[in-house]
Structures are given as C-alpha cells and as structure tokens.
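As written, the chains take the letters A, B, C, D, E, F, G and H, and residue 1 is the first residue of each chain.
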Amino acid sequence: MKPLVSIIMGSTSDFPVMEAAAKFLDELEIPFEINALSAHRTPAEVEQFAKNAEARGLKVIIAAAGMAAHLPGVIASMTTLPVIGVPIKASLEGLDALLAIVQMPPGIPVATVGINASLNAGILSAQMIALHDEKVAVALKKYKEGLKKKIVAANEELAKVQFKHKIG
Amino acid sequence: MKPLVSIIMGSTSDFPVMEAAAKFLDELEIPFEINALSAHRTPAEVEQFAKNAEARGLKVIIAAAGMAAHLPGVIASMTTLPVIGVPIKASLEGLDALLAIVQMPPGIPVATVGINASLNAGILSAQMIALHDEKVAVALKKYKEGLKKKIVAANEELAKVQFKHKIG
Amino acid sequence: MKPLVSIIMGSTSDFPVMEAAAKFLDELEIPFEINALSAHRTPAEVEQFAKNAEARGLKVIIAAAGMAAHLPGVIASMTTLPVIGVPIKASLEGLDALLAIVQMPPGIPVATVGINASLNAGILSAQMIALHDEKVAVALKKYKEGLKKKIVAANEELAKVQFKHKIG
Amino acid sequence: MKPLVSIIMGSTSDFPVMEAAAKFLDELEIPFEINALSAHRTPAEVEQFAKNAEARGLKVIIAAAGMAAHLPGVIASMTTLPVIGVPIKASLEGLDALLAIVQMPPGIPVATVGINASLNAGILSAQMIALHDEKVAVALKKYKEGLKKKIVAANEELAKVQFKHKIG
Amino acid sequence: MKPLVSIIMGSTSDFPVMEAAAKFLDELEIPFEINALSAHRTPAEVEQFAKNAEARGLKVIIAAAGMAAHLPGVIASMTTLPVIGVPIKASLEGLDALLAIVQMPPGIPVATVGINASLNAGILSAQMIALHDEKVAVALKKYKEGLKKKIVAANEELAKVQFKHKIG
Amino acid sequence: MKPLVSIIMGSTSDFPVMEAAAKFLDELEIPFEINALSAHRTPAEVEQFAKNAEARGLKVIIAAAGMAAHLPGVIASMTTLPVIGVPIKASLEGLDALLAIVQMPPGIPVATVGINASLNAGILSAQMIALHDEKVAVALKKYKEGLKKKIVAANEELAKVQFKHKIG
Amino acid sequence: MKPLVSIIMGSTSDFPVMEAAAKFLDELEIPFEINALSAHRTPAEVEQFAKNAEARGLKVIIAAAGMAAHLPGVIASMTTLPVIGVPIKASLEGLDALLAIVQMPPGIPVATVGINASLNAGILSAQMIALHDEKVAVALKKYKEGLKKKIVAANEELAKVQFKHKIG
Amino acid sequence: MKPLVSIIMGSTSDFPVMEAAAKFLDELEIPFEINALSAHRTPAEVEQFAKNAEARGLKVIIAAAGMAAHLPGVIASMTTLPVIGVPIKASLEGLDALLAIVQMPPGIPVATVGINASLNAGILSAQMIALHDEKVAVALKKYKEGLKKKIVAANEELAKVQFKHKIG
C-alpha cells in the first residue's frame, strides 16, 4: 500500500512534537510515511522528494521546521500537492518559524498550522484526503464528535469543585 | 438561588488559573456557576448557553481561553450581557490570546483583562453587579481598602532590611 | 438629568477617535458627559473626579489614553465603578497603550477594549447600564440585530461582482 | 453548476484584498461563490453556512477576517471541510489576525496563509481540488511554470541597468 | 541623616531584584530609604510621598514596577525630582512594564533603565547625586575603573581554555 | 558662559525631532550646545567628547540615535555624567532603537526616554540641573503647572461639542 | 572580466532598494552582476546558480528577499561562498524577512544585514574582497574616512541653528 | 603562527555559547584567538584591539554580545575587517541583542548570525578565510557534505518508529 501523507522533519528531535500527527493518521487508518529531510543540509534530496511526491501517489505533505523554517516553502515550490507547514518552537517562542512558513510570497502557498500544532496538521491532511475518501470523511466526523467528550468530562470535574456560593 | 456570574473555561486545565475569580466571587457572596465550554469543540452548547444566559438571570459572563482565543468573542456575539475575557497564557507568552480576545470588531465588545488575570475578572464582574447591589458595592470598597494592607505589610518587611546607609 | 457614563480623554486630539462612543450613547439616549483629564498633567483633578464619580451618579467610566496609558488604571485605583479603557494608537501601532492599560496588577481591573475601539467602549458601557435599565437593554438588542444588516448589504454588493465561474 | 470553493469575507471592504483569490479560481475555471458572513454579527448564518457546506457540494472554504479574526476558526469548528484562513491587515500590521487564525486549539485546524495573501488562498484551494481533478492539476502545473516568466522578465529589466563595473 | 535617594517598589517580592540598587548606594555611602508603595493600591500614599519628596531632602526617586507599570509615571507627575523607572519582568518578558514606563507623554519624563536593571538604576541615581557631590563623583569613577577588572578576570579564564589551534 | 547640557545627534535629519529639547532648554534659560557625532562614523570624536565632557563643565548629555542605536551607550561608557538616550524612530516603529538604548548591561546606565521623546529628554535634563539650581527648579514647577492649561483648554473645546444626551 | 560579487533579487521591484549595493560596488570598481532569481518560483535556476557560483569566480553573493525570505538561505545551502542576506521590508515592518534570513539552522550561516540595508551589504561584500585585494582595502579605508564628512557637514548645519541660550 | 580569526566576548559566561565557534575553527585548523572585551567597560581596549586587528594579521572578527549589544558594531566602526555579530540570548528571548547588532546604520555593516548561533559564526568566518585558502575551502565542502549524515541518521531512527499504517 502506498502512503497518502508524508510527514517530513529535520531531525529526530522533532519527532516528539510530530508524533501526534502520526498517531492521528494511524488512528484514521490513513497510510503515511515519516522521513527526515533538511532544506539546508540535503537540498538535493528535498528536490528529489518533492518532484516525485505526486507520482508516488502522495496526496498531502506535512513539513515541520523551526527557526528560519524553509522546508515547507521549499517543498511547496517544487510540487503542486498541498503542503502543510508546522512551525516548531526552537527560539523566539516559535514566532520566527511561524513567520518563515506562513508569509510565503504570492504563487507558492503553505497551509500553516499553529506553533508545534502537529495534531492539527494531521487532521488537516485527513480533511483533504476526506474530500474523496468517504471512510476518512466519516472517521473525521466521528473524531469531531469525540472532541465534545472532553468538554463533558471537564464539566463533570468542574461540577465537583466546591464553593459556598457556587450554584450547580 | 440563581447564579449572577458564569465562569466559562475550555478545560479543567484552566481551573488553576480561573480559581481566583471563583474564590473572589465566593468571598463577596455573589452566586456564580462554573462550566466548561469550547467555541470550537462544542459550538452548539456555546450558542445555547449564550442565548439563554440573560433569561436564566445571569448578569455577567467571564470567559477564559488561550491561543486563538475565540470563546469570549463568540459568546459576546450571541448575548448583550457584558462578557469579560481572560486571555490564558498557553503559547507566545499569552500575546496570541490577548490579541484574539481584545481586538474585537466594531459592534461586539469583550471587556478584556490581563493575561491569566482571573482575579481581576472576578473583581470586574463584581463591580458590574455592584452597580445595583449595595451589599456588593460595600464589600468591594472594603476589599479595595484591604489592598493597602499588603503594602503596609511589605513596608514592615522592608523596614527590617539592614544596610549601613539605609535610613529608616 | 445626571450623566450615567463619563467619557474621559487626555486632549481634544483624541476626540475624533472617541466620538463613536459619544454617538452610540446619544443614539441609545443614555445621558453622558465628556471631559479632558490627564493622569500625568492633572493628577489632582483625576483624583477628585474618580473619588466623586459614584456619588455624582455615574455608573461607568470610559477612559482613553495613548502611549504609557495610565489614565484608566489610575482612575480605576480610586473608584469601584467599572472603568473601560480605550488604548489610543499614538506609537508602536498602539501596542504600548494596550499593554499599559490591560496588564493591570491583581486587585484593580480595567475592562479593556481594542486599540482605538471607542464604539465598543460605548457599547460595553451600555451593556452594563442595561443590566438594570430595560429600555437600554431593548435598544441594545435592536442595535445587535442591526449589525446583520451590514452583512446583508455586503452580500448584495458581492452578488453584483461578475466572474465567469462565480456561481450565484 | 455547483460551486466547489466558497470565499467568505466580513464586508465588501475586504473584497479588494480577496479579489485575487476569485480571479485565480476564475482563471482555473473552478466554480466558486463569494459571500459576506461575520462570526460576530451573523453567527446563526455562519452556522447554517458551515453545517450545509459539505452537503451543498463545496470542497474548500476560504475565510478572510481581520483583527480578532474568528471567522475561519468558527467555520472550521462546524464542518470537516478544509478551511483556509486569510488574515486581513486591519491593525497591528495584521499580526493580531494572523495569530487569531493560525493558533487554533488541538482538534480544529485552519490552513492559514500569509497576511492579505488571498492569491495564495486561491491557489491552495485549487491544490486541494486538484487532488481529484486532473484538469485543475494540469492548470496548476501550467500556472507554476508561468511563475518563472516573471523572473525571466525581471532579468531582462535588470540586464538593462547600466553600471561601469556591472558584468553582463 | 536624611536619605538622598528613595527606592520604591510595589511589594517585597520585588526586593530580590531591587537589592542591587540598595547595595550599590550603600557601597557608595549614599544615604537612601526603601519603601513599598503602589500606584493602584495606595494612591493617596503615593501622592503624599511624591509631593513631600523634595521638601524631605530627597534628590532622586527610583521606582520599580511590573506589568502595566504606572508607579514611576504617577510619581513623576507629582514631583519635579528626577524619577528613575525600573521595569520588573513579571509577564511578557517584561516588555509590558518597559513600554508602560518609558513611553510617557510629553511633559512628564521617566528616566528608564533596562528590564530588572536595578543596579543601573542605583548607578544612575548616584550619577545625578555626583553632579554636586565630589565624594560620590570620585567613587563613581573608581567604580567605573573597577568594571574593567571583570574583563581582565574573564581574559585570564579564557586564556586557560585549550584548543589545538588557539593562539595565545 | 559654558553649556550645562549637550545635545548630540547623528545627523541634521534628527534635528526636527530633537528641536523640542533645545526649545525647552532655551525656554528655561539653561545654556546648552548642539553637536553632531556618530558612534560608528566618528568614534574618535565621540571618545574625545565624552572624556572631556565633565571637565568642560557639562552636567548632562542628551544623545539621540536610531536603529542599532549605540551612541548613548558608547558615550555613557566613557563618562560618569548622566546620559539621557532618545530612541529615534527610523525603522521597526523605533523598537530597535529603544531596545538598543535601554537594555544596557550592568554598570553603564542610560536614562532612556520614549521613542522620539526629545521634549521629555530636555525636561529630564532640567530636572537634574534643578537639583542644585533654584532658578531652574522654580521654572520647572511653573512649567509643570502650565501642563494643566492644555487640559483646561481641551475641556473648553469638549464643552462645545453638542450631543442631545450629553450633559454639561 | 569576471564578476566577483553577485547581487540576486526576486523581482525588479527590489531594485530601488538594492541599487545602493550596486552603486557602492561600482564606486569601488569591484566587478559585479545583478540577476533576478526566486527560491520559490525558479528553484532549479537557483540551484544552478548556487552550484556554479564558485567555479564562475564569484567570491560573495548578496541575496535580497522579503516576507518568508528563503532565497539567501537556500543559496547558502548549495555553496560554501559567503552569502549576505538583505531582508526586504514588504510586510510586518520587515521583521518576518529578518527572522527568516538570520535565524538559519546550525551549519548554514547567512551573513545578515539590517532591513533594506543594501548599502551595508555592498560594503560587507567589499570587506570580504578586501581581505586579498589591496586596492579594495585602500578604497574601503578611504570610504570609511569619508563617513566622517557627513558628521562635519551636519555640525556645520547645526552650528547655524539659533537659540538664545545655545552656546557655540 | 598568527591567528586569522578573533573571537571576542564580554565575559566568561558567554563561553559556553561561543565554544562551538572555537571548536569549529579548531576542527578546520584555522588559527584563532579568544579574548574578553566590553564595548562599555573597556572602550579603550576595544579601540586598541579594533585598530590593530588588521596589522596583526587577523582576517575576521567574531564578536558576541547580549542585551543592548554594542560590541560588534563598535568594533566594526574601527576596522574594515569583516565583523561577524552573534546576538546572545540574555533577555527578551535575544530579540534586543539581535536588533542592536543587525540594524546598523548605513556605512558600518555587521554580518549578523542567529541568536546564540556561534557555530554559524565560526562557519561564516571560515567561508571568508576560504576565499583565498584552498585547504579551508576543501574542509568546508567536506563539512557541508557531513551535514547530510545527520539526516541519514535521523532517517534511520525514524525508520524504526512503528505505526500500523506507517509505510516504509
């Protein structure tokens, strides 16, 4: 089976952040791959990856990078597949990575999610897959329903908090 | 007895920050409620809460949220009760939550307090209640008087600090 | 008739920004006053104003200030009436005024609205008045309904925009 | 013919910025619609729009908003279609809108593009459509090729610039 | 003996930061005092302090405050003695306090030093005293000479660091 | 007559900003000088100026600079006279100059005023002179009194503004 | 004659900013070239340029880019020649471009100059050339001497400014 | 043997950050020196160092500084050797040091690397040396090749991560 989503990161130190994206794709049974690539250290490999991505059957690329984060933009410049950028917090609270990913020039968009927001990157990739995959679409709706449960659980916890003038 | 103030937060993890608001309302004997709601995970429940708030006798709503903090603004869009927004520090030192709460478009204000400033949210809600509740008004004045005591205590501590050329 | 809301600003140069608050209060027939006061240039007058505000029958104070904007916080320290702070954009895109108003220490809240958001300050003051004034409450609801009209008008404008592949 | 992409904005004043997205979709012959909706002024209409979007055959939603920009996130909370957020520069150089759109909480992603980057929003929506539309995929590749032409033209212009020690 | 410099802070929790100013004044044998005052919690006491400062023989006031730091500016508005402001880092990396202190409106300056820079506040106050106190002037020059010693010591440490291609 | 205050700037383009300091000193009849010096373009002249400043009878130095504003700090490193730094807004809204001036390392303070706040620099220098010059002290108090007049005038202007529900 | 310095920019709209670098190199008689290249629109051409740069005899590359400015870093990843990055102010006051250029990951430096600081980029490139080109070294020293002249001229201008209490 | 590169820092506390530059130069067998100097504490020594640098055979100067970081710019003002500035993170996440180093006025460039990026400073200095030192040029190319190895190793680590739907 071919991967539909490719998760790219610069080093294994990014994996603890990016693991949430992998887990989500696994949960939704969307085949994916994980690789390390660097816009600056392995530009040739990035080019090869980006140019072959569509032919290999990939539908979405998730690229994570910190600091002067060029990886998502560089990949986006070499493919017409949608590229999701995940700014990694490594310095300046992640603001440098956010701006270096989201502020792409006209012509080459990167679909940027929040700082360290790898779960959201995974969900967003699934939303794109779901446009033509009914099973994933159903799973996403179910996942979305599940988000409410955390609120229900939170309410149950908060109901236990005791104050003299707290009602309910 | 019906609650006059409603404290809303997205998860139990916000409770340690928001507890100060609850304690203050309890101290001033203002009936209140605490609930978990999420603008993004339970939009229908948020709508139901906001639209019924006034009819249920609520006077003020305190809503806390972090990151792209939409909860206070979304509630404010569905009621004419005053909504107090508390930006929770979860990323970017809380600056994202502050801007996402305070910079509301013309027509839908949110009364914003400082980052993680839940005590001030509680006090502000009491100030609004006090406009027509003499007991609360008196309690607020007493509380304000009490703020001086911390300064008196601080001065006593500082008076003990010994330097050769320190006078007094 | 006594004013219920007091609009305070540091100079007549703030009036073009603050005019929207005055117009809104006028529209809702809420009696108000407008005065110039400066936390730094007329501290004695600020103190006199703040300490007499409640006795004069005022319910809400709207205070506008730019740069190291101390006026709303200084007034709030001398009254238990709710104080709404309007950060005026005079330098640093208004970020200095926003932080100097919203980041009040524990004990003395200022209900902060967005940068230059005087209309929202006016609405917020009316929302507080409306807690015990049915006429204002009804007028606010009507105003809120009216906000939709701008969207309806915008849709009509956008409907006229012609593109070959635009539907509707 | 049903629209595949829906462009949403808060007022006609956003249209000059968002026009580039519309023009791009028109150029690629992707059917689209343009509507005005406001998370804060017409929350009921936003809900109706978001909940019916998938059933109406929409594939991607582009939502533009400024300041405390809630529209993209609120729509994203009510649909599993991918939502592209365009931060509009209205204050603080657009930084408030960027953070209010991109920093979404876990579970509800918004695919954020740069400040005022409506063309990139249009391209990104086309990239998602192209995953299962060969015609659009081909058009995108052609568009991408065309981006080089601007550089060729720029080089021709720069070649004309005369300096004594400029080579070539 | 009367104090020449007054160090003001909002609470004993600021003392660990402000201690460096006290130690420096002590080292230079400049009589000083330390007190707790709050622009917001004890405005009357602040006014009394500021208005009597000159008559009491004070020459310089050092005022420390965090967040929406009003204390230095409020004191400065009530005296013509030079007021040195020390922004305390309590939130937003201290940027809020810095802006709330330094961006004073025309007419009321505060001599601002760096975030948490209490030693520099002490030195600056001594520089003002030294304008008419030869003993302090001499001590300051000696202190300044001493700053070089740290560099000499650092060089000695660095000289011990061993690298194969390090010269010297 | 010898100057007591020296105003230093990097170029004549800073004069329109710095003129307010000169005018204020002139108004208070404090002898001053104005010179152009650059920490980066004329380091030798800066050194000569700073090292001779005290011997020439100067009491205070006002140094203005923009961008990576080194001039105030460099002068401060070579004299024990108090140095007032004026951050000039030339890029990044003046934030770069502010930080480059105020965030001095321990040992070498610069008394920093707000961005482009040359009037406040002039006043602050006069406040230091006034510590031992009764005439200047009196003039400062008179100037401070005069600040109220602007507020009085503003109130008169605002009194003329007509609204139906405006009181007073 | 072969160019020693290559100036790269993304479009002719950057030329007005970058012209100062070209003029400086021309003045110092350093042969240079100017070309348009885009990291995102012409990645293949950028690669070809970067990989052949050293063989073509180039010594230094000056690359200008705005927003999510990848060009300098991408070139730096493909050559061991020193690359000077010039952040172009196109949005967010140029802060996005500055961070996207300067915050390069370990291993691939970009020698970054200030926002829009193309003259400094030209000078810096000349300083590198001068390490082994006596003629350029002499010209640089002469240029540096010339910087003082502006200060001399500024002083002459300032000497003409008339104030009653201005000395000299 | 004479040093070609000089590493300057303000105190031994900067050495843990700057060690990476030293190690890199050592690895490439480029003779270097390390010294402590302070723009503010030892201005005379800085001047002597900067003015003699070229005559002593130095080719590049690496200067590290934090906060209002003047050292790189002050050295650059006194030599025509290229000066590499390393902003040290000591406050405000290092943003103050970055701006105080990179935003130099026209005429005096500092080649700025990222916050705490001492390795990149070392590499950049080697790139300048390599312009006329074939051995260093070869070593740099080899180092650059080596950067890929980390990516290879990272890929091997990531290949071991097990997910049910992970391919490869």
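One rule holds in what follows: a residue touches a chain if its C-beta (ideal position, glycine included) is under 8 Å from a C-beta of that chain, and two chains touch if they have at least 3 such contacts.
Predicted, not measured: the structure shown is a model, and the values here were computed from it.
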Request  = Would you kindly say which chain has the C-alpha centre located farthest from the C-alpha centre of chain E?
outcome  = D
Remark   = Per mean C-alpha coordinates, the chain lying farthest from chain G is B
Ask   = Is the C-beta contact count larger for F-H or for A-B?
value = F-H
Remark   = So, in whole Å, the Cα centroid of chain A is separated from that of chain C by 40
Note = Expressed in whole Å, how far the mean CA point of chain C lies from that of chain F is 34
Query = With chain centres defined as C-alpha means, what is the inter-centre distance between chain G and chain H in Å?
reply = 19
Note = Within chain A, the set of residues that touch 2 or more other chains is 10, 38, 40-41, 67-68, 91-93, 95, 102-104, 107-108, 114-115, 147
Remark   = So the complete set of touching chain pairs is A-B, A-D, A-G, A-H, B-C, B-D, B-E, C-D, C-E, C-F, D-G, E-F, E-H, F-G, F-H, G-H
Ask   = Which of the residues in chain F come into contact with chain H in the complex?
value = 10, 38-41, 43, 47, 66-70, 73-74, 76-78, 91-92, 95-96, 99-105, 107-108, 110
Key: Complex interface listing, chain C residues touching chain F   = 1-3, 9-12, 15, 22-23, 25-26, 29-38, 40-42, 45, 67-68, 91-93
Message = Under the definition above, what is the set of chain F residues touching chain C in their complex?
response = 89, 93-95, 114-116, 147-148, 150-151, 153-155, 157-158, 161, 163-168
Inquiry  = Show me the residue ranges of chain F that touch chain E in the complex, using the header's touch definition.
reply    = 20, 59, 80-82, 84, 98, 102-104, 106-115, 117, 119-121, 123-124, 127-128, 130-132, 137, 140-141, 143-144, 147
